[in-house]
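Both complexes below contain chain A, partnered by chain B and then by chain C.
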Partner chain A sequence: MSITADRARRPTAERGLRPAMAVLHTWGGLLFGWLLFAIFVTGTVSYFRDEISLWMRPEIGQLTATTPDVAADAALRQLRKNSVGVRRWMIDLPTDRSPVTSALVLRDPKTGPAATRLTLDPASGAPIKARNTAGGDFLYYFHFDLYMPQRFGRYLTCTAAIVMLVAFVSGVITHRRIFKDFFTFRPRRGQRSWLDAHNALGVTALPFHVMITYTGLITLLPLYLPWGIEAMYPDGRQEFVIEMFDDAPPRKTLNVAAPLAPIAPLLAIASAEWQGGTVGRLVIDNPGDRAATIRLVRQDSERISHAVQSMLFDGSNGALISKTPVTGAAAEARGIFHGLHLARFSDIWLRWMFFISGIVGCAMIATGLVLWSVKRRRNAANVGHKIVDALNVTAITGLPIAIAAYFLCNRLLSATSPGRTLWEVGCFFAVWLIAGLHAAIRPQRDAWREQLWIAALLFATVPTVNAIRTERGLATSLVSGDWVFAGFDLTALATAVFFAISAAHYARRGEVAA
Partner chain B sequence: MRPTWLLMTARILTGFVGGYILSAIVALFLAKALPVVRLEAVLTGAMIGFVINVVAIIWAFAARTTLRACLGILVPCALFGAITPFIR
Partner chain C sequence: MIALAFALTYFGWAALCFAMPSHARSLRGRPFNQPIVVMLRCIGTIALLVALPVTAHAWGWSNGTTAWFGILTIACLALIGLFATSPKVALLPLVGLPTAAIIALLR
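Coming up: the complex of A and B.
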């Protein structure tokens, strides 16, 4: 028996490092590719979470900026008007990106709704009447929760992130001439072109991809690897939460009325403590009671690190109770990793760079998925191959279609209709499901062509419907320098153009391999 | 002769299940063993654990034989698993 014959019987992994890594890359990438694509798309979009939320509530006009002192004072004056049974006020002060004050009111359920969200004018504290919407928050939470019950979505996201990192390592090892090939692009050569595109996209933004995937895992660290926490904090998670997030449970009420201490001096103390930093959030527990506390949390856009910096004051006399201790190296590293992932620190230009890098990541995953199919075109009649093709279409064009439908639903539903938040989310999933069914029923070529055109059409419709249904159409926002609205509408148009070009290109070449 | 699919299944299980177990054990070991305050030790252990998880999966497929792949994960698991309970 010759050595070659013996080798042929061995699994691919035993024939050498490169084929083994290729197997891992191909199949790991395929199985998690659709999920990873959805995570990357919604994550990339979430760089503009605040801006999307503003666009989805067009009633919030452009507001004049105020100081944190004025905004905090105005918000508290407003909230005090109805403080029966209140357990907590959580007030997010306006930022450069979101000009409103948002307040969350938690109540004793016996005295009113357990949780109420309010949007306040920062200068006057008056509530702003704006439509309910799932907003940018829905896409943000979908990015790691996947809209699944319990923590299931988060575990799945963690697993996908591990597979993504494995795909980076195995992909680089598989890739024989990583530097030389980077300058190689062979257009209109079917499989070759898809491979070149996949490689170029992967290599260009590789540092970003590795960073964003690893830091993504860090954000879910206590969930994925809780074993050290379990062992070192035998009294329960609470102790860990206190040490890590400086977030102790509220004190017990004394049932003795006492007014809240003036807020401005406390903001000044916090600002001095943080060398001129500003307060972004106020958490006030048991307001009006002798046992009230005021926790001031630093604005997270001021630092790269997302490790919490906060100060806790006695609510009635304003005395300092505690402040975040100086963090160690590991806690600081974790905070910086977490902060890098969220990118709250970045200005508008860096934010766009992150956004573009994210798009490159989406394109890398998409080209990888298509490459799998194109490479095995001979088996296109197999059931398995058909399922892959249908899922490719559902993910790569179906998800953008669902997102466009989600934005359109926000504009088409009446601003006052009850339960409109759920309708928006329902619309997103219903449209995605229909796209999936369409991809399953139609022949692959027709499915791609039709969905590319539908995506183009829907994204072109978004600014159009916005111009019809609100007073803040693209022409108006461009003239008035309203860059949140203009930016959103222009991005939607650019997306529409991208899909239209893809569709036209596809129609001309007649196959994905174009 | 061992069939190919069996060897492949062994590598997949070793990599994905064994890899996670190894990362969990290492994270636990470091959380207990590192001579720093507990928050620091816990976070360091978990941050290294993620890397171990990825490396273990790569190893499970990169090792020349399936036996080496399995042993490469099992031996450190056993080693750290044996020491960790005795750290106070």
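Coming up: the complex of A and C.
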């Protein structure tokens, strides 16, 4: 209402592109800001998906590295021990980041559980008993699935990404002073400081922001632009999937027993084909049957492009059946965009740079959301404004609190309790819901202060509880050079310090800083 | 190499920053002369660009280009943060980063 009144009072010259863009930026950014913040936070955390998964399963100790040959051989020896009714073995070999072999066993439902997941010691193939947890995978899937049924979450994520791209363009036009005020941050100046921070965070990491949003959209391309695929593959999507991911359905079993061909020579053939590349995954269909096939997939951390490279062999005699053809420019471009988004090619330095850039993105969204509220403080008593304030608190501090609770729950629940995976996930959502209720009930200033302190407290508790509940506390991991655990605990502590400083700053500055 | 890339980008951003009249004023009370401004802009831009082959040397071209953008972002935010504390503090990494880079290269 006030917007229309404002506009009527303005001279015609101001009714141009910029005010129009400002409206778009303000309201698009606000409506999708909370969702985008959640997507950015969980996405940023997912750069360390493997490391988080390792931290959440402390029973997996530090394992010595093995060659792919040894790991593949050891895993197959172990899996052969129970191969009744097996339709497929999918074996992920250890990588620099994840030292274990993980295997997925798919069975004929008549002979046993349809799907079993195993974690194997890479050298001996012996199963490792580790607690059940969704680990970093939960945060990774939440990042684009939002833990919603069907594909609803993915459609929402896509829409949010499109709004984000719109917000970039309209933002650069709206915040016209970003280049004139480059390098400017004026702290302790209320609204001005929030605007400066929003601009600085947005513009310094703009290449990252645009890249990550655009490539994110590319990863879900077949979902929201299916018509090209439908036109090219009129017989259904399966054919597209087969061609795209080189994942043909298994051959029919012949019910003639035949041992699996030795695996090491096949790994060598694949490695030579990829100019020294390494096999990351083995997919073996109908093992033990004459119709067995072995598909070797290249590790996705070796090149930027995420386009699959694989070779298919006959399982019984080891003859090459097919290999991924040289892809066209479009497919390769898509592979590179997808790969850039996942950043699996990064070494540890690059990974941290992506992580920091992601944090900058989160901070940009958070400052934008707060700015909306600070700018309209005189309407603070309005119901709409109160809802925005409550949602701001729920998203910006509530989500980190929920993530800390997820990690804490992992350590506090007994390692053997049944259904613990669901309990952890339930804990995440329950805590987030409570944070939301708290934000709705408490006056805005109290809600911010209390949740900032709670976030600080919980993140400080994470390494503490880890030290109590496992043998791999921060002191031990630092001394033994266990960088996954030390890095996780130190990051949690740094997060705690950040929230504590914010809380202290908030308490001191009071209304102006809000 | 990574330290050198950070030193170059920080230097580049700082040069571009002090070429702007308002920022120069907060450092030394008055803006630089026009010729110095032009020089700062040229040197700054060149330093940022030279950091690219440095990152490419450390990571290879494809990963190095990605890293270059990351280093540009982090160095720029560091400069903005330090400059907000005090313009003089923002000068400290101009000494510290090259020193770190030299130590890292000699090691």
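By our rule, the second predicted complex is superposed on the first by the 499 of 514 C-alpha atoms of A that agree within 3 Å, B and C clash if a C-alpha of one lies under 4 Å from a C-alpha of the other, contacts with A are read in each partner's own complex, and residues count from 1 in each chain.
Methods note: contacts are C-beta pairs under 8 Å (C-beta built on N, C-alpha and C of every residue); 3 or more make two chains touch, one makes a residue touch a chain.
Please read these numbers as outputs of a predicted model, since none were measured by experiment.
Partners chain B and chain C, once the complexes are superposed on chain A, both fit on it without clashing. In the superposition on chain A, A:V166 makes contact with chain B only, not with chain C. In the superposed three-chain model, the partner touching more residues of chain A is B, compared with the other of chain B and chain C.
When the shared chain is aligned, chain C comes close enough to touch A:I304, but chain B does not. Looking at the shared chain after the overlay, A:F208 reaches chain C, while chain B stays out of its contact range. Of the two partner chains placed by superposition, only chain B is touched by A:A20; chain C is not. In the superposition on chain A, A:L221 contacts chain B only, with no contact to chain C. When the two structures are aligned on the shared chain, A:R186 is found in touch with chain C, with no touch to chain B.
Using the contact criterion defined above for the overlaid structures, shared-chain residue A:V84 touches neither chain B nor chain C, since it reaches no partner.
Nearest C-alpha atoms belonging to chain B and chain C sit 21 Å apart in the superposition, given in whole angstrom.
With the contact threshold set out at the top, not one residue of chain A is in contact with chain B in one structure and with chain C in the other.
Contacts from chain A toward chain C in the complex involve residues 182-187, 200-201, 204-205, 207-208, 211, 304, 340, 345-347, 349-350, 353-354, 356-357, 360. Put simply, chain C touches chain A in their complex at residues 2, 13, 16-17, 20, 22-23, 59, 62-63, 66-67, 69-74, 76-77, 79-81, 83-84. Partner chain B is touched in their complex by these residues of chain A: 9-11, 13-14, 17, 20-21, 23-24, 162, 165-166, 169-170, 214, 217-218, 221-222, 224-225, 227-229, 231-233, 240, 243-244, 328-331, 333-334, 337.
Chain contact summary for the complex, chain B toward chain A: residues 1, 4, 7-8, 11, 23-25, 27-28, 30-32, 36-47, 49-50, 53-54, 57-58, 61-66, 69.
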